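Note that subunit A is present in both complexes that follow, paired respectively with subunit B and with subunit C.
Here is the complex of A and B:
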């Protein structure tokens, strides 16, 4: 079993758990807000279509992960792009990661502030999230990678809470109509872009390919993760649509969170008070991962990638991360308009990165291979 | 001709070759013995005896009277020497533990370990005749089981080794002896099974043991704190057991065991978080019962950590979570309490910890009285005086009982500390605070290692095959392989061994 061969030490995590990475990276960002954007029941087909596109796109990622360059890590990128280009590209790479990470974190803090702590500033919760993320990053990439299992187990059970909304009397199946529209609403391209951005995330695996154990079966694991994400998005979207219908959903801020409020247990109600904090495990996993990416990007940019690992790179990345989030949250996320602006930025950025990174790397690897064969 | 006969006789009777005999021990000078005698001055029970032997010449015996068995000394050493039975010391003294000593330091240490030092023929010899001060092998008090083996380790390291060797009667069970502590000279024995235990574990264990620097070790816990990978963690990274069957089972599964002199506890590593919730009785019950009990222990661990902080979070931040009927009960219970739930819970938890600590230090009969006074009188009086609510008393009591379900004492104490941390977070940020606290605990467990191996295996990293014996305990006959995370040289437990009956006669 691959998991047993590569699962423990030596900075490796099992390739067969690659599906967990794909799945958790894909659902962390948009699972709470996507139904509100998609709105119309026929958008379920859009989830399937974009999911299929992502499915095929992952083939490119799997292809890249099988290349010699991916396996070599930093040295592979140097071989592919050259020393100078690698160092130069590390800077925008770090900025993109910081931007994405900040938007994702602030969006989560915004929801938490809105639902759980309306009287507390959203930035009050930031230090604890930062501490937890740094704590995870402090154990290094192998341990942060292993944490994906905890992120998965800690959050997957939430899906089970929504199953009850598929059955009458809560579920109203008339809300599913029209399942095939007469004409598409004007916001459809925007929705498709958002869906594509929602399924982004696996592109980050391209930079840690050397920590995987890539084999010929890598694609099937990535595809499994993608299929699970698509199933989750459909399940959440259908549960919300069946319960609220498009018209009422339009008026709700976070319909997924609102729906959780309807769950009643003998001892507890208002389960969003538990679900929303539990969802944080994904953000901490993601941010710990991102801080390590920023650390490596800083080292590459400074030309210190081949030198022994020092703690001050991690400290610099952690401080940079929290400064970025704080400044954005404090000065550029004050109004709802700014909030929407940043969501748009994230959507374009994540969508573009997901489309471009694997394609670019595969093309570059193929070009290099061709050039070396011609010689 | 007599000298030739004598020589042939000595060659016949003595163990080892002539070359070995020549190399046995470094020749000692007369001044060495004088130095040794000086270092034993002002020790009232140190005795020096000088004998004149016809064949061996002048023999000096040096020993600490309180450390040796005087009868054995008389019977196996003094009497044969007076009779002048053999031509060589090994022929004369038929003691099993006769060994040549390399120098003064070794001689001094040996004397204080219960050996008689002999200076004969220009050499120093040691005969181990330590008096057996050990208590008898008794049932384990810390890990008591109703069914199953009832023996446990004692303070005598050699006896403990015997208890393990009786269970694993194979030559592959290797034991390496170390002496640690500049003052205590504590004997530590490292045990592992060759061709089974991952050699990397043995190498790390050996290196860690050799690199321990301290002047005295009186307990296995002291040693474990020098061997741990993460010294600031609240979680124990070594399993301590006083049960020989548990130590033997650990060795058979591919782990490494340390036996420490003067300690009835063996250290086991590498371990996982899940190992600390296992009891030897798990393998005695039927598998569904064992699985249920194990599940209950994990639940109790989580319950003990979270229940009181959860109460504080609900009553301070999330009243809306409580159904209306239950909310009335909570409000009525708290209506007369002048403190906020955090201080109320903090006070009661501290009282509980004081009671627990006091009951451990007091004699057992007084301990019962303390339980009654603490549990009933203080609890009842606390409620009547409006210091604590009924509901909180129930929470604290349930927490205390739940914490006793964890079989590992060190783990029980770890959960206490986490509980106080979660209590603070619950008071500050409610359930959000508790959950971020728990996530941090998970991150810590995910990053911990025991003997450089992942502590949270088989969960992270994930080993599906090892889940047969983690929270569930599936039938033993299904456990044909050793834990995969231990990366043993021989992964199969089941061998086509000689399971046929022994022949009669």
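Here is the complex of A and C:
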């Protein structure tokens, strides 16, 4: 296939692409709704604490990416877990990816529906996103992965818009007080979990280890991406707290979007009409990326991983993806309660995956190494 | 091949930007009426009266329409029924509330504005006294662009008169340590007169700062202020080019609020008997003026305390990084009896005489 050939020419990803991957995968869902969850000014410390935990957790991921098994791709997993287990595990893996990517997509569609197109169904934009993602996925993994640069450039500039909210008269620094809580409010463990989920996403890189060019220093790049996400979260959280105060913030569904709507440039207002659609680049990247994951999972599950690549698998993955999102959005995401339920599901699922996948793989690799040296 | 691609891109751009085949809400400019001004007042017991200025398309005349309903959105629907074009609130910039309505509580009307994504948070809010609907009708007849002129008036003033938008109103409303305030206008002899600041407790208007005191209210309400003219009729002096900086802090030892106002300006006009060229007399004059100012501001804060409202957000100064001294509703309880110290630092750069005598 033309696209695959094109991808092969693209070659391997340099390790320096790692920070973009980590950063964009992490911020996907929560960048628009996180401050609403955090509620209290002192939660800024929670972002730092969980950020630090994630920082050390990435060391595991980096360690896994350095192992020989990760470098081998599918063969490595077979070596680690055995042929049968790999095939069986590919099925729940595909389901998890489908679930996470539909929740992220539908959440984005929900926001655009709420803010920009309240009179049409929220699924109206889905075909457009689907076509764009398929187009991207058609270029194959190496090229789709490189698209993360575009996703990054397309959405990072929004941070610059928020700098004005750090200055009076909109910002009132006294809203940040008290910065140290006298007593923690009962929802704190829940918030920490939410933050952990907000920093999840890099676990997907565990399956594309063979796409990265070999070499050391991977961990530094991953940690840089993580630090950038933490900085972004803190910046958004502070901007929202300074301009709304924590009591008013709690009343708003999407305080970040609300704040974007407040921006008034001398020549342009209603910036949300630009900011939200431009954000779609990020989601197109994610979905293209995830469709390729689903394709590979399907091939592994069907036992066709060693056969030459054919376009049928990509078509099947793309159709499966859009069917999944459509059914979920149409039938299981109709009300606000269901919305909250899915956000909850995402929180547990993404959090658990982020904690388990790298540690499991590192343990498995270590165990196998010990067994082979003992023999 | 390149040509085909370019045509395809152009074609899809055209189809997608139109989007009207997707959406039942069409926004052809000639078919809608985006109003920029709305006036809400109470009529009867719980009926709401909504007045808007209908923008003109081409050679039409501007009109002022009034309808009644139970809720704000219901009035919007009724407006659609009586008018040829559909109303859109995407361009709404000013919302005037009648004093009766403001005294009865406004949050149930403002809530819908917050929910409506069409309406910007920069919507200016104001309370108006008198027959504003009649006044509007008259003015639109006289000056076609009166709604725009009003909007420019709001845009122009900052830190000189009270000027609040939806964002600030709601932020103060939800905060434990602040009470909202809005500008108060009065329709007086066919003129719209700024008559000070309307003060709210929760969402109900409970009183106002009279126009004579309003400048001093602005001085302590804004962290930085600039006032071209500050008259003191009883001292026969007018200060000009006044800039102010105010600080509010909580004195934990004495358990009171300290308001410090640094004020700089010059004497623009003096009609009194003192010889300001004389150093002694000038010093005495400045001292008296300073004491006068302190007394006025003290009295102003006392009147706020009597109404039990804190539009200055003085309560926020009691919060430290480690604790809230008066959490929740506590501040509302202690504020009326809180001792307040006012200090004014008056620096007059020019006493109105080009060269003082030695």
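Basically, the second predicted complex is superposed on the first by the 363 of 375 C-alpha atoms of A that agree within 3 Å, B and C clash if a C-alpha of one lies under 4 Å from a C-alpha of the other, contacts with A are read in each partner's own complex, and residues count from 1 in each chain.
In this section, a residue touches a chain if its C-beta (ideal position, glycine included) is under 8 Å from a C-beta of that chain, and two chains touch if they have at least 3 such contacts.
In this text, all values refer to a predicted model and were calculated from it rather than measured experimentally.
S.K.: Based on the shared subunit A superposition, would you classify subunit B and subunit C as clashing or fitting together?
M.R.: Here the two partners, once superposed via subunit A, clash with each other.
S.K.: According to the contact criterion defined above, which of subunit B and subunit C contacts more residues of subunit A?
M.R.: In the superposed model, B touches more residues of subunit A.
S.K.: Classify the contacts of A:266 with the two partner chains as first (subunit B alone), second (subunit C alone), both, or neither.
M.R.: first
S.K.: So in the superposed three-chain picture, is A:168 touching just subunit B, just subunit C, both, or none of them (first/second/both/neither)?
M.R.: second
S.K.: After the superposition on A, what does A:277 contact: first (subunit B), second (subunit C), both or neither?
M.R.: After superposition on chain A, A:277 lies in contact with subunit B alone.
S.K.: Contacts for A:135 in the overlay, against subunit B (first) and subunit C (second): which applies, first, second, both or neither?
M.R.: first
S.K.: After lining up the shared chain so the two structures overlap, which partner does A:147 touch, if you call subunit B first and subunit C second: first, second, both or neither?
M.R.: first
S.K.: Between subunit B (first) and subunit C (second), which, if any, makes contact with A:360: first, second, both or neither?
M.R.: In the superposition, A:360 touches no partner, neither subunit B nor subunit C.
S.K.: Could you tell me if A:112 is touching subunit B, subunit C, both of them or neither one (first, second, both, neither)?
M.R.: first
S.K.: Have a look at 146-154, 218-226, 416-424 or 434-442 and say which bit of subunit B overlaps subunit C after the superposition.
M.R.: So the stretch of subunit B that bumps into subunit C is 416-424.
S.K.: Can you list the residues of subunit A that touch subunit B in one structure and subunit C in the other?
M.R.: Touching subunit B and subunit C on subunit A: residues 116-117, 128, 264, 269-270.
S.K.: Mind listing the subunit B positions that touch subunit A in their complex?
M.R.: 318, 320-323, 326, 429-436, 439-440, 442-444, 446-447, 452-454, 456-457, 459-465, 484-485, 487
S.K.: What does subunit A use to touch subunit C in their complex?
M.R.: 114-120, 124, 128, 168-170, 172, 174-175, 177-180, 182, 243-245, 247-248, 251, 258, 261-262, 264, 269-270
S.K.: In their complex, what parts of subunit C are in touch with subunit A?
M.R.: 16, 22-25, 114, 117, 120-122, 167, 170-171, 173-176, 222-223, 313, 316-317, 319-324
S.K.: Which part of subunit A faces subunit B closely enough to touch in the complex?
M.R.: Interface residues on the subunit A side: 1, 3-4, 7-9, 13-14, 17, 112, 116-117, 125, 128-129, 131-132, 135-136, 138-139, 143, 146-147, 149-150, 153-154, 264, 266-271, 273-274, 276-278, 280-281, 284, 288.
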